[in-house]
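Here chain A shows up in two complexes: once beside chain B, once beside chain C.
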Partner chain A sequence: MASLEFGTLLADPSTTDQPFADDAPVTRRRRRVHWGRGTILVVAALYFVVPFYAAMAFSLQRPTGGFSLQPLSQIASAPGFLSALWLSTQLAVITMIVVMLLMVPTVIYVHLRMPRFRRAMEVITILPIIIPPIAYSVGVLESAPSWLRSSQYLLAIVYVILAMPYVYRSLDSGLGALDLKTLVEASRSLGSGWISTIWRVLVPNLRSALMSASVLTIALVFGEFTIANVDNWTTIPVWIYLAPTDNPRVNTLVAMIALLATCVVLTLIVSLDRSQSRDSRRS
Partner chain B sequence: MAMATDTPTNVETRGASPSGAPVVFDNLTRRFGATTALDRLSLDIAPGELVALLGPSGCGKTTALRVLAGFDRPDLGRVLVDGNDVSHVPAQRRDMGMVFQSYSLFPNMNARDNVAFGLQIRHQRTAQRRAKAAELLELVGLGEHVTKYPHQLSGGQQQRVALARALAIEPRVLLLDEPLSALDAKVRAELRDQIRALQQRLAITTVFVTHDQEEAMSMADRVCVMFQGRVEQVATPSVLYSQPATPFVGRFVGVSSRVAVTRRGDHVEVLGRDVPIRGDLAAVPAGELEALLRPEDLDVTVNPNGLGVVTHRSFLGATTRVGVGIAGANLRVDVRSAQADDLELGTRVDVSVNARDVLVTTRQPSS
Partner chain C sequence: MTVLSDYDTATPDGDVASRPGRGRTGGVGALVRSLRTSAPVLPFLTYVILVLGVPTAVIVLYAFRSNTGHFTWSNIHTILAGGQYRAGFETSLKLAVVTAVVPGVLGTLVAYALSTSEHALFKRITSATAGVLAQFGGVNLAFMFIAGFAATNGIVTEWLRPLGLDPWNHGWSLYKFWGVAFVYVYFQLPLMVLIITPAFAGLRPAWREAAENLGASRWRYWRHVGMPVLTPAILGSMFLLFGSGFSAYATAEALTAGTIAVTPIQIGAILQGNVIAGEQNIAYALAFAMIVILLVTVIFYVLLRRRTTRWLR
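On to the complex of A and B.
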């Protein structure tokens, strides 16, 4: 190709067309009060907040009256709590990595090469929700090789299957919002291989979908009780259930903190995603 | 159907050394189930030449481009680039820049990063690739938009960034897949001229797919008209217009009217005048015939006793296109607008043929 030294051959500003009208600064609109929506929001908030407040009050209330944060200090020293937390964290991380490694290329492949198979994929990925967890865990335990039965990775594998419906739907809607075929072909025509295309082009544009899939996976792992209990692993939900009942305030507090932590993580991830989107839109 | 070809344009005459690679479609066949998208397609493209693949929807032009790009593989035949068979080379190793019909910029990257993407893949240093991206964006007139994201750019600007991105990798062949079709008319005309100017400056071999004959005729060195997966004719725009090799090309390219004719040896009688038959007489089909006439092949004069009646008129600027109903045919005739005042609707007129010869084909049912 010839050198580009001829410079601004086409740099005539008169030929540059203007951005879309909807790119113009958004004028501040007068906020309208939607009473219906506000009422629903208040009712929903009460539905969530009142039990939460009651449980927290129960956990932190002193028998003599008033509140104390002293039960918080008891959590870390509660027998088995830290190991349960560590196990749940490990499982969440492993599950998230494996389910993403499995599902991202699969869903991309289905969208690109087998679009007719999407309906079948939806049905297949919803099966883990339909099949009762107990039937599931017994089946997996029976069929797993003996070396894997004593490993926490077996539980992670089960969680990968359980997370599939949520991850598939998040990715499916994320990919549906992209002109996938054109982006992939543009990337490949520029010399990028498949892995590079997924990593550099698709994953950044699926950020919201991946975020929501990750949050759902973490929430699922931190909240799953049945299979972990049947498989004899003391994850956080199992610990809450099995912990000595001489101090039920601590158990309740842990449950509430787990709930709160999930909400905080969810909020953080959504906020991070929004701020990144906003930054990327600033020129 | 016979294929007609012209010699590839000599790009040296444009004052720039051709830096693109020659491209050969060698007997390409591609089938999708029962549909044959490419039917033994053969085409030679010279280095630095811009060839437009023109045809109606489903004629196989996009399939041909996708086979060249490496997004599809032929069932039979070969694609040669610079003399090498690339039929089985993956798209990412073909060094071809492509601009797509739909906006294909990566939404997560600004204009500069989009342009620099191919260079990043080629492990160029950050400073180098940024400098080159800025240079290319300047070249396409977007030097002040380097940090803008795709959603902050108009359609025309996005396509110009896509063009800069395709050029950044210094491709052996530039592929344009209807890049202007999503743009409004004014931007389309501007960008059309810009792409052509840039292509001529860089003397890069370019294959341009379009269904818009005006685009093809105004931009291309040669136009390849395709129909049902086959090449109907490859020629310069002027030859294609003035000497269509097949009835399909005659009907598809430009505007033409069909008139029932009677053959008399090597002539046909058209509107009362004997006119020589164009092309190979042996190829003229037997049976009922019709002639294809361009608007400028006909003259119209007002005559109160004439056989024709003006049925419609369209002002086109310097010329006015007049529709004349005569002997069961609807003829379209171009007259100078200054002389069209007398040709009101319902005016009786005479129509005569001024062409040196005419293209003759089998009479279509509607004529």
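On to the complex of A and C.
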């Protein structure tokens, strides 16, 4: 087990279920009603659901009473929204391409040839989580050359660093589940080069790891506020915060959609991951 | 670069460079071979050094640099001496401690309650949601709580007012310390649930059965087996929560429009140019101090983590 377990920050499918499977029959036999646990869960659920409900009600309630989905149609025409969405999308695409090109070959290579370097990779990729984004942005804004400092793409360059912990962990566990050496040797001895081995043998095998890495990267880029805000670029979260407040309902609605969409997509990814690993176990 | 030469030379593959037995004989040949083996990780290392290493080094250097470019302690001294920046640190530390301990305890209880559930789908949804809230909440949380708990028209505030429980009438404000702490629970508690759940999974049923066979009550099982095994994990997780609460910027900024004087907000204000001339270097000193505090936090976390893994594997 790694010395640093920040990785568990990710919703990790392998650790969160089944552990109590052995325990389950015992609990069921006793048929005890767990009032304490029930109360804890209900109170926690209230704390988490009520503010969410409040925000939804605030943005969708009509002044005359009743709900309407009409604010949804105002989102696209809200001033600045589309350009913020475009900027965030560009940053997400660039970040994803760069982080994948940088990490996928490196992590594969380290797994194959430099297993001892994994420890160092783990420490390096955990640093972006330890260094607070606000402190990091102080250093970035000072050390970036001025032509880069005035470009929005500086954000993408920085987001690659912020995405590394997520991408590394996804790839590391994905590769750990493969018989990497056999796959690579088989592919190489059949005459394919490195690029084709990675692209045609390893990438398809790493599909679910790459998928969750991409989703986490996108969620990160679409949610990152600190550095974008102090660098004065209006990405989606900065827009939500700063947008002209003549209609705060629209901002709140966008904030809720962003949060909800991330939850749904992550749940789907986790489930997908699960069903795939189950299939491979069975075969 | 010592790590780099520490590669595994014995990997079989047609390469001359990695013939077993010749890799560690030293000399120029070994150096060349080690460089060749580590070459593929160089793009990654270069990127990390340029984009992460250089900015961090700049923070450390500039924290000790005067406006004229000489070495000085005065930036650090300005923070420690008192005034708004020291007060900011104190508020930040207090906020981090409060939002580590309270959500830490509550999160442990929630994780325990969740871990006894047998619904796979329910667990999947709660763990994904906890992941999102712990990491991607940010600005969005501020909007939720303003809609719910604002002084006027806050939906929950309106519910509580007829009951005489309107918190605004009892000295509470959403935009002051306890309001911000209340909102932080929204990402700190899910974070605690995420990182403590594996520890509950590590409590082996056999221990419980052994305790029960020896006649222990539920209370005695938890008092003498469960809690001692879990305590290092819980404390370690609280250190992580401390770090997360200490470095949070987005929620506090969006909630209070930058009015709560915590260190991250103060750094942000300096970066955005709302600062007295000549105090620019204070930002580096503040950032440096934050990094030092977080490093200490992580060291404590790692130490406690070591203790944890003795029993929980």
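Here is the rule we go by: the second predicted complex is superposed on the first by the 211 of 283 C-alpha atoms of A that agree within 3 Å, B and C clash if a C-alpha of one lies under 4 Å from a C-alpha of the other, contacts with A are read in each partner's own complex, and residues count from 1 in each chain.
One rule holds for everything that comes next: contacts are C-beta pairs under 8 Å (C-beta built on N, C-alpha and C of every residue); 3 or more make two chains touch, one makes a residue touch a chain.
Small disclaimer: the values here were computed from a predicted structure and weren't measured.
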Quiz item: Can A:165 be said to touch chain B (first), chain C (second), both, or neither?
Solution: neither
Practice problem: Could you tell me if A:186 is touching chain B, chain C, both of them or neither one (first, second, both, neither)? | Solution: first
Quiz item: Counting only touches as set out at the top, which of chain B and chain C does A:174 meet: first, second, both, neither?
Solution: neither
Quiz item: chain B or chain C: which reaches more residues on chain A?
Solution: C
Practice problem: Pick one for A:201: touches chain B only (first), chain C only (second), both, or neither. | Solution: first
Quiz prompt | chain B versus chain C as contact partner of A:71, first or second or both or neither | solution = neither
Quiz item: Which of the two partners, first being chain B and second being chain C, lies in contact with A:112: first, second, both, or neither?
Solution: second
Quiz prompt | Doubly contacted chain A residues - partners chain C and chain B | solution = 1, 4, 6, 8-13, 15-17, 19-20, 23, 185, 188
Practice problem: Write out the stretch or stretches of chain B touching chain A in their complex. | Solution: 16-17, 19-20, 69-71, 90-98, 100, 102-108, 110, 117-118, 120-122, 132, 135-136, 138-143, 147-149, 151-157, 162, 165-167, 169-171, 175, 186-187, 190, 194, 197-198, 201-204
Quiz item: In their complex, what parts of chain A are in touch with chain B?
Solution: 1-2, 4, 6-13, 15-20, 23, 178-179, 182-183, 185-193, 196, 200-201, 204-205, 207, 280-281, 283
Quiz item: In the complex formed with chain C, which residues of chain A make contact?
Solution: 1, 3-6, 8-13, 15-17, 19-20, 22-24, 26-27, 34, 36-38, 40-41, 44, 47-48, 50-55, 57-59, 102-103, 105-106, 109-110, 112-117, 120, 124, 127-128, 130-143, 157-158, 160-161, 164, 185, 188, 219-220, 223-226, 229-230, 232, 237, 240-241, 251-252, 255-256, 258-259, 262-263, 266-267, 269-271, 274
Practice problem: Under the touch definition given earlier, write down the residues of chain C that touch chain A in their complex. | Solution: 3-4, 6-8, 11, 13, 18, 37-38, 40-41, 43-44, 47-48, 51-52, 54-59, 62, 106, 109-110, 112-116, 118, 120, 123-125, 127-145, 147-149, 154-156, 185-186, 189, 191, 194-195, 197-198, 200-202, 205, 208-209, 240, 243, 246-247, 249-250, 253-254, 264, 267-268, 271-272, 283-284, 286-288, 290-291, 294-295, 298, 301-302, 305-306, 309, 313
